[in-house]
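Below: a set of structures, written as structure tokens.
One chain, subunit A, links the two complexes that follow: it is found with subunit B in the first and with subunit C in the second.
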Partner chain A sequence: MEKTSGNTATRLFWSIVSFLRRCLFLVISIRPIPRHIAFIMDGNRRFAKKRKMMDGDGHRIGFLALMSMLKYCYELGVTYVTVYAFSIDNFKRNPEEVQSLMDLMQEKIEGLIKEESIVNRYGVRVHFIGNLKLLSEPVRSAAERAMAATANNSRGVLSICIAYTSTDEIVHAVQESCEEKLDEISAMNASGAGYGLIKLGGNEEDERVKIVKLTDIEKHMYMAVAPDPDVLIRTSGETRLSNFLLWQSAFCYLYSPSVLWPEIGFRHFVWAVLKFQSNYFYLERKRKQS
Partner chain B sequence: MFLSLSSPIPIENALIPFKPRSSRSQTLRIRAHPLPSNPLSLPSSAAAAPAFKEETRQFAPGGDFPLDEESLPAGLRRDLMPRHVAVIMDGNVRWEKRRGLPAGSGHQAGVRSVRELIEMSSKWGIGVLTVFAFSYDNWNRSKMEVGFLMTLFEKMITAEIDNLARDGVRISIIGDSSKLPNSLQKVISDAEETTKDNSRLHLIVAVSYSGKYDVVQACKSICHKVKDGLVQVDDINESLVEQELETNCTEFPYPDLLIRTGGDIRVSNFLLWQLAYTELFFVSALWPDFGKAEFEEALTSFQRRQRRYGGR
Partner chain C sequence: MDFQMEMQRVSFCAAQIGNLGLVLLWHILHLFVSIWYFLLDLAFVFESYLISGGVLKNYKALDLGKLKYLAIVIESEEAYQTSKVIELLQWLEAIGVKRVCLYDTEGVLKKSKGAILNKLKNATEFEDGDEGLVDQKRMALEFSSFSDGKEAVTKAANLLFAKYLKLANLVGDHEEKIFTEPNMDEALKAIGCRGPDPDLLLVYGPARCHLGFPAWRIRYTEIIHMGELKWMKYGSLIKAIYRFTTVRQNYGK
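Up next, the complex of A and B:
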């Protein structure tokens, strides 16, 4: 009897907390809110060291922090969220750490596929962004299954950057653009030959290649699934991009709070949104002054 | 939605004649993204310096000009100086409006800041200084303002070329020069030619530049090579893209530190690829107010940072 009433009291408490949070989000969203937030989840190992834990535990708690941030984002009405989960550069770390991260990621990706997972609760479609061929087969397979399982979700998008660097993404886009242009040239030559017309001359082929445009490259980016982020949040106080979304963050507001990723919470999220809003109005004023 | 960089500063020494691609025969070997090691590659004789203070002669990277031992501010370490500093010089127009000064005064004041920065960079052993003078996105500004700036650039380069040559500064211009007036292109070309053998400081001025445009032109270049059979699609890698970017005029195309003045916290389409591991430093002072104190603060912050490059 007491246990049941204790559970009821707890549920009631969290319901009230949730209600108050949604009220606060309603107030905040009177002003512009970001459509797309990107996170560099930095500080897991420093957190573990600070608390005298094993390295892997820092990442596990970091995962819980990520779940909270996603909940806040989708409750507020942010449509796109992108997170930097694992960089190609991170493969340079010691093999035990890399393996433990891969195991953790596989475990959590499998969790996303479940019915009651946060992505299904909020109707979020998941994309895994990066050079997935670099991942081991179990992780890649879990990622592909998660993408397939959430393909029909349409209220939000979660882009998880894994085995990703921006320079690798750009190289891939350049390769695809080149191949596309060359295919165009071949097709035009072939159809010309078919009609007895002359093959494209050297200059004409040059012209076709010259028309490689910005949009050609952009459409081949892994991140073409989302618009450019409005704010990029990097925790732990480091102010650098570390080869993340270099192309997409060309005009993005960069925010680098000193909190370590596993310690990030509701107040940091609210503060980040308020900073975004104040920056938005600062830019409006700057535009008028210039 | 977001405004790009505000008007550039007419830089006296900064603009180099843009060399057409075909005549740029000396493409230097491009370093991969720097590893966490000494950012300042001094000759080994200089590394032995501390034991022989009175005979110490520190040399700028690749140069024959001695660094001034006493000139480095207290608190800054020579071995932790960034090799390449990039600057987004934002705030000239707001500076002149806040003071109620006529149009153009902000840019004039900004020139003084640039001169000071060039001098400090030379003295303190920074090898490459890249400044964002005019963004490709700035062509959207009023014709009058753009025309004024182009004239100012031309006057400044012409006036300062001798000083530059004397001070051992080499100038390069990056960006889409095809939109610049012919007279400015000529002046830039001459200045680049005149200073090409200087080695104390390499000043790279980005005019009509955008990070995305840089990658697109690199892509076009690579596509040409693939079409001509010089390169296979599967051979396209990061190194090949690096070699085709406009920053291939220097051996150190990746800034260690980017400073942006004016309070705006974003990179505004400047050097996107090259900023992959750059430490970013944002300062609220407007560009004409940026001086020794602000530069020292940026360098101090840089020297405190832990650069891990994704590893350890």
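Up next, the complex of A and C:
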């Protein structure tokens, strides 16, 4: 009897908390809220060290923190969320750590495909962003299955950056644009409409001819699935971007709370959104001017 | 009928009042945020006076070894205050910073280049490729704007495309040889838009945002928000540089 009344009390408590949270979100969304929030989930290893846990446990608790953040984002009405899960630079870590991270990611990706997962609850489509060829076969295949399973979800978008760096993304986009242009030119030549464009290769005039346009490159960026981020949150107080969304963050509000990622909570999320709102008009104006 | 219309009017009024209530609550929430940041700013101003007065001993000896290249992003509307920009550069000169990149979105600083270099007797314009030959006694300044970012990458992409075209008729996969990060680096250098990566980037403007500083160069750059240019303080500058010298990066490891 006591156990059930204990459970009821806990459930009532969390219902009240959830109700208050929704009320707060109602107030906040009176004015513009971020359409796209990006997270650099830094501080898992430091957290594990601080709590005298194994390194891997820090990442597991970090995953729970990520689930909370996603819940708050989609409840508030943020459509696009991007997270920096694994950088190409992280492959430099010792092989055991990399392998355990890959195993953790595969486990969690498989979890996303399940019916009751957060992405299906909120109707979120998942994209895996990065040079997926660098991943091992099991992880890559899990990622592809997750993308296929959520392809019909349309209420939100979750972009998980894995084996990603901005510089790699830019070079990849340039490569795709050039291959597309070459195909276009070959097709034009084949139909006789090329006017010898293919001969441009040896001409000094090259530098002045802009065949590849900025719009082509932007179209081929991995992150073309989402608009530019409005807020970029990096936890653990570090002030650098570490090769994340450098191209897309020109007019993005950068927020660096000193809290470690596994410890991030509701108040940090609310604070980030309020800070975004304080700077909204200024950043919108700069975005329109560029 | 009348009753229905009355009910509709009542619910409309209720909705309006409810909306006004929410707007009021929103403003109260933001009032707390503003008060918090106002108090924080007061504390920072007090601290900056202590630092410039030499009271806080920690900040006296600055080890500039790690700060090889500093970038300053200035909000374009504030960049018109050339005297403030010159004052900032004079402070940096006094601190001992040798190489600075000045950036603003619209290129206002590029236009004021002449005035700035005239006033700063001991400064020259930084040229790409100068790195080995930089005169250690003089300050080297680079001037950058939004067009040195995405547009420069587009021009570099066209250079790579020209190379790709040349090899297009040959058999084999050339993409892996041409489209690499080092080749992109070379292409950017060829068009004169590949200055050094700044170690530290100071933002003078209303918000913490890099305002389009060339993406290729800020992979591992520490970004610090200094507030608006008109409120710049020498003590805050020292504090930002000092904090930078205490940062330890893993570069992903």
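Definition applied: the second predicted complex is superposed on the first by the 263 of 290 C-alpha atoms of A that agree within 3 Å, B and C clash if a C-alpha of one lies under 4 Å from a C-alpha of the other, contacts with A are read in each partner's own complex, and residues count from 1 in each chain.
Throughout what follows, a residue touches a chain if its C-beta (ideal position, glycine included) is under 8 Å from a C-beta of that chain, and two chains touch if they have at least 3 such contacts.
None of the values given here were measured: they were computed from a predicted structure.
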| item | value |
| --- | --- |
| Clash or fit, subunit B versus subunit C on superposed subunit A | clash |
| Touching partner for A:Asp168 - first (subunit B), second (subunit C), both, neither | both |
| First (subunit B), second (subunit C), both or neither touched by A:Ser159 | neither |
| Touched partner set for A:Val27, first subunit B, second subunit C, both or neither | second |
| First, second, both or neither for A:Gln277, with subunit B first and subunit C second | second |
| Which superposed partner A:Asn90 touches (first subunit B, second subunit C, both, neither) | both |
| Superposition-derived comparison: subunit B or subunit C, residues of subunit A touched | C |
| First, second, both or neither for A:Thr150, with subunit B first and subunit C second | neither |
| Which superposed partner A:Ile217 touches (first subunit B, second subunit C, both, neither) | both |
| Which of subunit B and subunit C A:Gln106 touches, first, second, both or neither | neither |
| Where subunit A meets both subunit C and subunit B, residue numbers | 87-90, 92-93, 165-168, 170-171, 174-175, 177-179, 181-182, 206, 209-210, 212-214, 217, 238-243, 246-247, 249-255, 279, 282-283, 286, 289-290 |
| Partner subunit A, residues of subunit B touching it in the complex | 1-4, 6-7, 93-94, 97, 211-213, 215-216, 218-220, 222-224, 226-227, 233-234, 236-238, 241, 263-269, 272-273, 275-282, 305-306, 309-312 |
| Residue ranges of subunit A touching subunit B (in the complex, touch as defined) | 87-90, 92-93, 165-168, 170-171, 174-175, 177-179, 181-182, 185, 205-206, 209-210, 212-214, 216-217, 238-243, 246-247, 249-255, 279, 282-283, 286-287, 289-290 |
| Residues on subunit A engaged by subunit C in the complex (per definition of touch) | 26-28, 30-31, 87-93, 165-168, 170-172, 174-175, 177-179, 181-182, 198, 200-202, 206-207, 209-214, 217, 238-243, 246-247, 249-256, 271, 274-275, 277-279, 282-283, 286, 289-290 |
| Contacting residues of subunit C [partner subunit A, same complex] | 19, 22-23, 25-26, 29-30, 33-34, 105-106, 146, 149-151, 153-162, 164-166, 168, 175, 178-181, 184, 191, 206-212, 215-216, 218-225, 247, 249, 251-253 |
